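Naming follows writing order (A, B, C, D, E and F), and every chain is counted from residue 1.
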Amino acid sequence: MRKNNLRSLWQESQTAVNCWLTINSSVAAEALAQLDWSSATIDLQHGLIDWDAAFPMLQAISSTEVVPMIRVPWNNPAWIMRAFDAGAYGVICPMINTRADCEAFVGACRYAPQGYRSWGPVRGLIYGGSDYFKHANDELLAIAMIESAQALENLDEIMSTDGLDAIYIGPNDLAISLGLEPQYAPKDRKLADAIDTILAAAKRHGIVPGIHCGSADMAREMTAKGFQLVTLMNDARLLVDAAATAITTARKT
Amino acid sequence: MRKNNLRSLWQESQTAVNCWLTINSSVAAEALAQLDWSSATIDLQHGLIDWDAAFPMLQAISSTEVVPMIRVPWNNPAWIMRAFDAGAYGVICPMINTRADCEAFVGACRYAPQGYRSWGPVRGLIYGGSDYFKHANDELLAIAMIESAQALENLDEIMSTDGLDAIYIGPNDLAISLGLEPQYAPKDRKLADAIDTILAAAKRHGIVPGIHCGSADMAREMTAKGFQLVTLMNDARLLVDAAATAITTARKT
Amino acid sequence: MRKNNLRSLWQESQTAVNCWLTINSSVAAEALAQLDWSSATIDLQHGLIDWDAAFPMLQAISSTEVVPMIRVPWNNPAWIMRAFDAGAYGVICPMINTRADCEAFVGACRYAPQGYRSWGPVRGLIYGGSDYFKHANDELLAIAMIESAQALENLDEIMSTDGLDAIYIGPNDLAISLGLEPQYAPKDRKLADAIDTILAAAKRHGIVPGIHCGSADMAREMTAKGFQLVTLMNDARLLVDAAATAITTARKT
Amino acid sequence: MRKNNLRSLWQESQTAVNCWLTINSSVAAEALAQLDWSSATIDLQHGLIDWDAAFPMLQAISSTEVVPMIRVPWNNPAWIMRAFDAGAYGVICPMINTRADCEAFVGACRYAPQGYRSWGPVRGLIYGGSDYFKHANDELLAIAMIESAQALENLDEIMSTDGLDAIYIGPNDLAISLGLEPQYAPKDRKLADAIDTILAAAKRHGIVPGIHCGSADMAREMTAKGFQLVTLMNDARLLVDAAATAITTARKT
Amino acid sequence: MRKNNLRSLWQESQTAVNCWLTINSSVAAEALAQLDWSSATIDLQHGLIDWDAAFPMLQAISSTEVVPMIRVPWNNPAWIMRAFDAGAYGVICPMINTRADCEAFVGACRYAPQGYRSWGPVRGLIYGGSDYFKHANDELLAIAMIESAQALENLDEIMSTDGLDAIYIGPNDLAISLGLEPQYAPKDRKLADAIDTILAAAKRHGIVPGIHCGSADMAREMTAKGFQLVTLMNDARLLVDAAATAITTARKT
Amino acid sequence: MRKNNLRSLWQESQTAVNCWLTINSSVAAEALAQLDWSSATIDLQHGLIDWDAAFPMLQAISSTEVVPMIRVPWNNPAWIMRAFDAGAYGVICPMINTRADCEAFVGACRYAPQGYRSWGPVRGLIYGGSDYFKHANDELLAIAMIESAQALENLDEIMSTDGLDAIYIGPNDLAISLGLEPQYAPKDRKLADAIDTILAAAKRHGIVPGIHCGSADMAREMTAKGFQLVTLMNDARLLVDAAATAITTARKT
């Protein structure tokens, strides 16, 4: 089975730089996947993408070494299993707030006896290889989003879930849940502290800490702090910001 | 009928800054159309977009003041008329090399007696308004690409075509046609001279000069030279360049 | 943030006339949205539309003043949140039968502390504006369908749910649940009484009463009764009925 | 091979009532195809439909007895042949202005020796049957649009083209070409006369006369005049008009 | 209402041969539906197909006598109801492990009082007919997948659920759940015994036994054993195997 | 620039085995592209595929070593150039009947001075590499279909066209043009002779001879004869034939 490059990176204590796809286009996905990303995540939660658009995006990414991942819209076995069947090598699941949430999530990522994933990796076999069944439980990544005050209270119960590979902080939702405005790079101390607490817990439990970042600078800072999965905003924001700058330049007289 | 903002700009001797869409996504098109562009052109020639994808892109642009245009794949009445019927307010046509090319093109843009456009502006009536027939010949733009050595020899014949609104230089094709490598900002004197020649001809004939630019800086320079329709590269290039820069920043240690 | 026209209408005690979209086409949606509707609802439950088709439909509606809404297929946070993220200004949720159903539904419509909606309004920011977070909980509509015998028994518990804006009667399902045939304009007294009971409860709780209507005449009658959100059947029925009449006329000799 | 119902109708001197599809949805097409149409034409010229959307529309129509036809965007063998290969049983071709136009059109509709159609009726074999080659030249319809002043002058040359089955008047384009405003039911005598002239020529040449009608009433009148292929406006107009009427009724107080 | 051919077959103690669709194309679905299948199931669980692609596939199948079915991604009323609303005549639901699972599933398939299905069979009325409500509970099939060790322990509870029409064995998942490798034709005795046990239980409860088969040979053997719903692998596997054989033949020198 | 594997094969006097795609699905295309094909051609002429469906199919093929090609619907520069811009490494053009046809075709495949291809290989740069301009004229294949009696008379004029890489016989169209029934493996002597004549001409002119084959056996025979590009029917036929066989086996009692 094709190796999961993210696991290799993490075994060497490196940090994965993750692309975040919200534009429903395999053309954009393929163009971005030519770059030096470690992975690319198709966002089915907040992105304007559903499955019929996501399938060709996964195919477009597959001609590169970038690891394809999917953020599912919610903690539901149908979506989690479909993501893996379609060839994703990692699933990021929102709103894991309790141990029970996390067990349901991780169970959906693994074949028995570790979990209850249903067999039928139609595209997984193409992307991963014919020995998929033998290695899937070991290669594919289960990544739980920690993004609520409730999750903060359950960090150890969540992170000690057997088979969980990584956690992924959603700073915006965490901020809102803490009574703050949505924000990426923490402006409020309360959010900064929460992020540190989660990072420390991940380190303590030996699982990979990840975080959604609002900028490349934030990603670099978070890497310096010890995060090993950092996302550089999303495709639409990168595009719009670059275009806005170009327009301003062009209009300067 | 809705006024064509490009005509207003040009009447005030201003320059239109044009967005160039090659990504087949109404999501990306809508996000970009929020910005301060004068117009946005869906590229059906070299872009990875065909009509079924272009229709929702036109709709997405229509909620803004940005003027929707289409570059058709070739000088063919079917494509030119379909672009206008779908609500485009301008058509850019590649490879207008002779007077006959130009007359065929402009004729396809106009209802009789000025041309031979067929009636049926299904979405034109929605976007433009119910008095579309009365004003369409006056509002919609016919923009001919000048991008070959042959066209260079026929500048006066082409530009004196009745009803032609603007010309649009494709520097890459013009360079190739002149025996050079494809290039945006002219590195070769031969290309620079050709651009100047075309610009002068457009001014002489009182039609709007436009040019495809490889960067915002080039767009500013071309505006300074007197071009009144300048395109800032394309969406995919903006996205990929911005992402590449962000990755480099994020990976810096 | 863009104001929600439905709220304004209701504050002036007017009735909103709602369009119901079941045809999976942004072309049809845009054509219909030119008319004098107060709102238009994309039906993801019974309509032949899923998200990849719904996104451009939302975009097409957005060039008008018609308020975009979505009926989700079921009471599930993934679908509810995705509707709002895609720019819907109201969500109609089927089969709200208990207080717990209603709390789960309304919670998914609101950011903390009022609810548990996840942040990421990718298109909401475009359609609503950059101050979306500040006003979203106040502008966006949570509309619960009352359409079962069980819901009839729980009217007060359901309608007193904090943050619920309106209820919406599904006469067909309500009829079936009461042991009757599906029907719009109530033929059976039992259904008529149930509708009156629900209307009275909504008035008592100060929330907006809405109802799915099988005809324009029924909509007018329901408006006269006090309903403030009335739907005129659906697009497919309007189209088919109009076509059937035209064929009959044309074939008359 | 499946018989072409239009031919049967015409052999019995009856008039075919034709549906006109401009909405890019197989859902709408299937709903309409349940009605008592003789045929349904997908409009690839002015409709907001291209091939990738048209294929499922043809499939949706195929479960009924309604004869599937396509109006191609222009007189081009690629489009004409593709329409038949996809299972259309008739092609309506715009802007047939000369004998040469008509011969090129009809030739593209027929296999050698009658024409130069290329073999590969991928869906034609499914819809038509395995003996498609033997009967296609006899069953499939070539219908030329007469819609310009130039065509008016060439009526006999055009209509005597071997293999031409029917002509189809586009009143709007004919009106414009005659210096009038676009119009369906002729308001101007000049248009009315032209229609009569064309009708007479078709009768004289023994080919079926058809016409695009703006209303069911016009269709009935044209049938009375002797037209045998009448179209009742288009789907979008039927839908929008019906909805507008319903809204007015609903808003009446 | 159109009769369900599967019910007729089963009443005559015949076996239904079922096609399994995982390719997201109405073109492939229509081509396959011309063959002598009893039914065709669109696989929304493991197939690379979501609703927007599934709708035209259902339409394409509908021009034939092949019974359209859908395997939903999970036991969720939204998906089950949507399948029937779109015209499916049977739903196969994965992972029915308990009596509660089965009751929830069957309830979603039936209108009250037998279940809680919501009214709105938009395409069901087109495919089934206008008396759909009267007969739907009797014609449409609820088929529960038995594919886990847990289900094996609950066979009688599951199979005695009122309204359940058939069970369908997923050998791969059943094998994994029993600690074996995924496999179709049982290589392990443990799986073979489990299949026999399930078959016997279905016979005992008078419901139709079905099974997913990895080959035509296995399907024939399972038919001989008494299974009455047998699936011949899937479209992609048939295609790939046939192509691989053809390539080998062609390359032979 | 990525090398064109077909050229390498041919330089070693080997025969390329070509896949023929008519199913509009990137899922099917990707599954097939895993096999031992030399190339895969998306058929935009007779296949039920247009550009919006073809783009993701090209992407799906690109993760393998199989060379992507497109058969364009007709000899038109817009389609030919778009195929290459989208990353095709070869274009097969139907109905090349004269030297002028062939020169127009080949010219559209080459940048100046060899031809008049327009610059803008948006996906060509991704698939081919950044030095695309330097090598495109040498790597990309121009393949002319010889399939008419007229072409038979012009073989030397056609085949001596500078830059033509290969010819490709369409036996069905050639047969029809010769007054025969469509047929693959020549049943009629007249067709067999014509094929031999074309093959000999190709050899004489030093260009690669190719042929569309109706079966793997025919492909093997044609390879033995000296053809170096052989196509194994199409995907739909392979699928349908395999399914028909499986059904027969399964139904055997």
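One rule holds for everything that comes next: a residue touches a chain if its C-beta (ideal position, glycine included) is under 8 Å from a C-beta of that chain, and two chains touch if they have at least 3 such contacts.
As the structure is a computational prediction, the values presented were derived from the model and not from experiment.
Q: Just to be sure I understand the contacts, which chains border both chain D and chain A?
A: Output, common partners of chain A and chain D: B, C, E, F.
Q: Looking at chain A with chain E, do both copies bring the same residues to the contact (over half shared) or different ones?
A: Under half shared, hence different.
Q: When the contacting C-beta pairs are counted for B-F and for C-D, which pair yields the higher total?
A: Looking at contacts between chains, C-D has the larger number.
Q: Please indicate which chain is farthest from chain B, where distance is taken between mean Cα coordinates of the chains.
A: Following the centroid criterion, the farthest chain would be E.
Q: Between copies chain B and chain C, what's the superposition rotation on C-alpha atoms, in steps of 5 degrees?
A: Rounded to 5 degrees, the superposing rotation is 180 degrees.
Q: If every chain is reduced to the average of its C-alpha atoms, which one ends up farthest from chain F?
A: C
Q: Per the centroid of Cα atoms for each chain, what is the distance between chain A and chain F, given in Å?
A: Whole-Å distance between the two chain centres: 41.
Q: What whole-Å value do you get for the distance between chain A and chain C if each is reduced to the mean of its CA atoms?
A: 34
Q: List the centre-to-centre spacing of chain B and chain E in whole Å, with centres computed as mean CA coordinates.
A: Result: the chain centres lie 52 Å from each other.
Q: List, in ascending order, every residue of chain D touching at least 2 other chains.
A: 22, 24, 27, 31, 34, 48, 50-52, 55, 76, 79, 123, 236
Q: Pull out all the chain pairs that touch, please.
A: A-B, A-C, A-E, A-F, B-C, B-D, B-F, C-D, C-E, D-E, D-F, E-F
Q: Over in the complex, which chain F residues touch chain E? Could you list them?
A: 17, 19, 22-25, 27-28, 31-32, 34-37, 48, 213, 215-217, 219-220, 223-224, 230, 232-233, 235-236, 238-253
Q: Given the complex with chain E, which residues does chain D contribute to the contact?
A: For this pair, the touching residues of chain D are 26-27, 30-31, 34, 55-56, 59-60, 62-63, 123, 126.
Q: Tell me, which parts of chain D touch chain F in their complex?
A: 50-52, 55, 76-79, 81-82, 85-86, 111-113, 116, 118-123, 133
Q: Could you please specify the touching residues of chain A with respect to chain C in the complex?
A: Against chain C, chain A makes touches at 22, 24, 43, 45-53, 73-74, 76, 79, 94-95, 147-148, 170, 172-173, 176-177, 179, 181-182, 234, 236.
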